[in-house]
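Here chain A shows up in two complexes: once beside chain B, once beside chain C.
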Partner chain A sequence: MSDRLRLNQAAKILLGVWMAGIIVAMFLVVPQYVGLGDAGRIIILHVPTAWITTVAFAVSAVYSIRYLWKRRIADDAGAVAAAEAGFLFCVLATTSGMWFANIVWGTPWNWDPRETTILILLLIYAAYFALRSALDDVERRRRLSAVYNLFAAVTMPFLLFVAPRMAESTLHPNCAFIQGSHCDGIWLEMNGTRVGQLGDVVLALQGIEQHGDLAVVQVEVRMPGLRDVALLTPSFELSSGKPADRPEFPGQQFLLAVEEVDLTNGRALLNMEAPGTGLLSNSRTFWTFMASNIGFLGLFIWLYRLRADVLLLQERLARREVTYGLPA
Partner chain B sequence: MDPHVSSQSISETSAPATLPAAPLLTAAWAVFRKDLRSELRTRYALNAILLFAVSTVVAISLGMGPLTVSRNADLPLIQAALLWVAILFAAFTGLSRAFVQEEEARTAAALRLSARPTAIFLGKLLFNLALLLILVGLTTVLFIVMLRVQVGNPGLLAALLLAGSMGLVAATTLVAAIIARASVKGALFAVLSFPLLVPLLTAAIQGSANALVGRGWESSIGSLQVLAGYTIALFTASLFLFNMVWES
Partner chain C sequence: MDFLLEPAIAIYTALAVALTVWVGIFIFLWRIDSATRELRRRLDEEAPAEPPATPQATLETRNGHARETTVMSDKK
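Presenting the complex of A and B:
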């Protein structure tokens, strides 16, 4: 018993040092991200917290299944504790993401698929706690909240499927953030559809010219709400078949790139890209990021185990009070 | 299970002898008819839900009345969203009734004794579906008349409304059973249901907007598939989970 306690103590200290190291590394080891500046460092905190939110939800659902299977109080305590820790991480991921989005994308909320998903997750957690507080009978509270937890988990795959269709734009990293990974982009033609939408930006093709090896495309860009209108001239290297010059959207830190050009028919494939090199292709950033994931996972496990123990202890005290009539 | 006890004696000792006799669907139909009859006596849910729907549509049309069709390119999407919000809120007021009423009238125990849980669930589901279809029909007709909505593809709109109603009922019937014994039932029903209904609402609103514009069936196949998959998944999960909700 004392060995286990000592091991726990050591793990706790290690976790503290590990997390402190990550915070230091976040500012000293991770290189500044071209185009995003210091705001890019948030990936070390934001992405792991968002991941842990999903992990917590899954852990909570597994405990709920086990509770309904075996009806052990410990499983219910585990489900509640995982949900509470998950809720905490969910709030952290949402607020840190909104903060970042406000700096970089100019708006804290855009109904981006991941924003939608995490908001619904937040609402489900909140509903779960509301249900628990509204049921007086202890056994019924455990049983019904476990059922609701599982029922909510059934809807999650649909949300993941539907959310990307809600907003036509996705500002989130998987598509526009990491260079080399692609949003679909749009084809605009001189003799056909000259105006199109990329995210919530309206693009109008004005002309395609060939200067030696470069195809220069003139695009009029209208930002949402007509805040800014600008004429951008991204170019495309014909010999290598790669985008050459990538101008920046006015007021945003995204780049407009030409990914393909069809000179004979006057067509160009335009797409949105993130500035600079890929964030995680930098090995220092990558390893800090992975270390942060491990650290947050450890933090989550520690938090929810602790909370589960506290809940069990409360339960035991309440029972003893019923049995012996002692004041708590 | 105790190996000494034969299956026959279990059915005799642990439940009334009449229980296994009625086939599942017959029992479910009986529960549905019982609910329908008691509803027609009081018309509590029907009155509340329909008047709520009428008030919502009138309120929306008061606000949106001056908006002419040609002014706004996004009008079909706005109208589809408002239609579904009106349906959703009216559903929140009435669909929990099926189970809440059993608890309030203290008839839940009697119901437990007289039918299998699955039969009860199916009967209540059917009753809720009937109630919701009446509501959806009325709301849609009022909406089209009062807001001067132009429906480009009525068949598609009807299909989406039907699929959406089925999904809505599949999701909310189990939640109604869950909240039946909680303390703040009405608010809790909406709070618990809403996060589960987000995928359904999104698909239904987008599909309905396509139908209002007058696009063909191929434009909304995706929405219909999501609605069908959602309904099947939640219906199956409800069947598994209802037994645990219904334990006394």
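Presenting the complex of A and C:
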């Protein structure tokens, strides 16, 4: 056994142990979060798989550029293998997100901006595989799919990073989990816009009352599909200028908070908060999360290189069959 | 089997399931990896170590007493 092979084998065993360690840490080391319970542990799986999806599609695009430049079969195999691995990670990110959404948001699919864009990305790459399987001429298939892959890769940053952030409100991390970031919330007025939307929840302002140092806001909340309608009364501490009572949305573990009140004009700034805000500020969660990113990156490298090897071997076997007339 | 889903035990059950799934995936990948390596080795062995002999022809022209030999080959 050569030194290189021995090193490769050792790296794969290390990856196996590393990922097993992450799984153990995900369940036993990462703490529970108030409101999210055990569902908060999903961050160790969901976010790294989503990030590796972007890495995989970017790697695939680089291989496609190399193929168009040098016309080497190995580059085409690399592009397909990386795209397939990226697709797999994208499916993992989506399904793990759906599992989380079902527990925390009450339904597995909310048509949240990020959910919608990741679905579009999945469809774009599914079309890439469909295109490859639709063309019989091998050379043409490689050339056209490489060009298509570049167009697909161009949409990826927009769909994963730009579009979800352009949305006014989303249930996703950029306003719920990552410390320092926030949704802007919505202003509702007694003498103006009384109805607004936070994510897919419709809010209707019913009244604002002052009880001593507290401003109590009465808000009618309608959940998606009108499953639940409830009257919530979040409050705001006037002296400190901070939210006081934050009631839970019916059937969900998100909270409704009043972030500002203008008693003179009868206005209130309402926002949605996730109980797990600041999830990564815990050092145990943070390091497990970072280790998970490294582990999934290693898994992606192993997966796509293995798949590229298999594709190249298939190619060699096909040529062998043509040359010698032997069964593959 | 209901005891596996009791609140105090459920987290360990989930951990065991997740670990089992990972071990299964790892073994699956390892086996494909080994099979791929073995197949590549066999194909490398099967492939001729040297390129096939280049077709050659030897022409001998006799011109009286002199004899001239020319070797023709399409080797570049």
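Remarks
In this section, the second predicted complex is superposed on the first by the 297 of 328 C-alpha atoms of A that agree within 3 Å, B and C clash if a C-alpha of one lies under 4 Å from a C-alpha of the other, contacts with A are read in each partner's own complex, and residues count from 1 in each chain.
By our rule, a contact is a pair of C-beta atoms (placed from the backbone, for glycine too) under 8 Å apart; a residue touches a chain by one contact, two chains touch by 3 or more.
Model, not experiment: these values are computed from the prediction.
When the two structures are aligned on the shared chain, A:I120 is found in touch with chain B, with no touch to chain C. When the two structures are aligned on the shared chain, A:V24 is found in touch with chain C, with no touch to chain B.
Look at A:V147: by the touch rule set out above, it reaches chain B but stays clear of chain C. In the superposed model, A:G16 lies in contact with chain C only, and not with chain B.
Of the two partner chains placed around the shared chain by superposition, chain B is the only one that A:D136 touches, whereas chain C remains out of contact.
When chain B and chain C are set side by side, the one touching more residues of chain A is B.
Touch criterion not met for A:V229: it reaches neither chain B nor chain C. For chain B in complex with chain A, the residues that touch the partner chain are 171, 174-175, 178-179, 181-184, 188, 191-192, 194-196, 198-200, 202-203, 206, 222, 226, 229-230, 233-234, 237-238, 241, 244-245, 247. Listed in rising order, the residues of chain A touching chain C in the complex are 5, 12, 16, 19-20, 23-24, 26-28, 38, 302-303, 306, 309-310, 313, 316-317, 320.
Taken together, the chain C residues at the contact with chain A in this complex read 11-12, 14-15, 18-19, 22-23, 26, 29-30, 32-33, 36-37, 39-40, 43, 46.
Residue ranges of chain A in contact with chain B, taken from their complex: 68, 116, 120, 123-124, 126-127, 130-131, 134-137, 140, 143-144, 146-148, 150-152, 154-155, 157-159, 161-163, 165-166.
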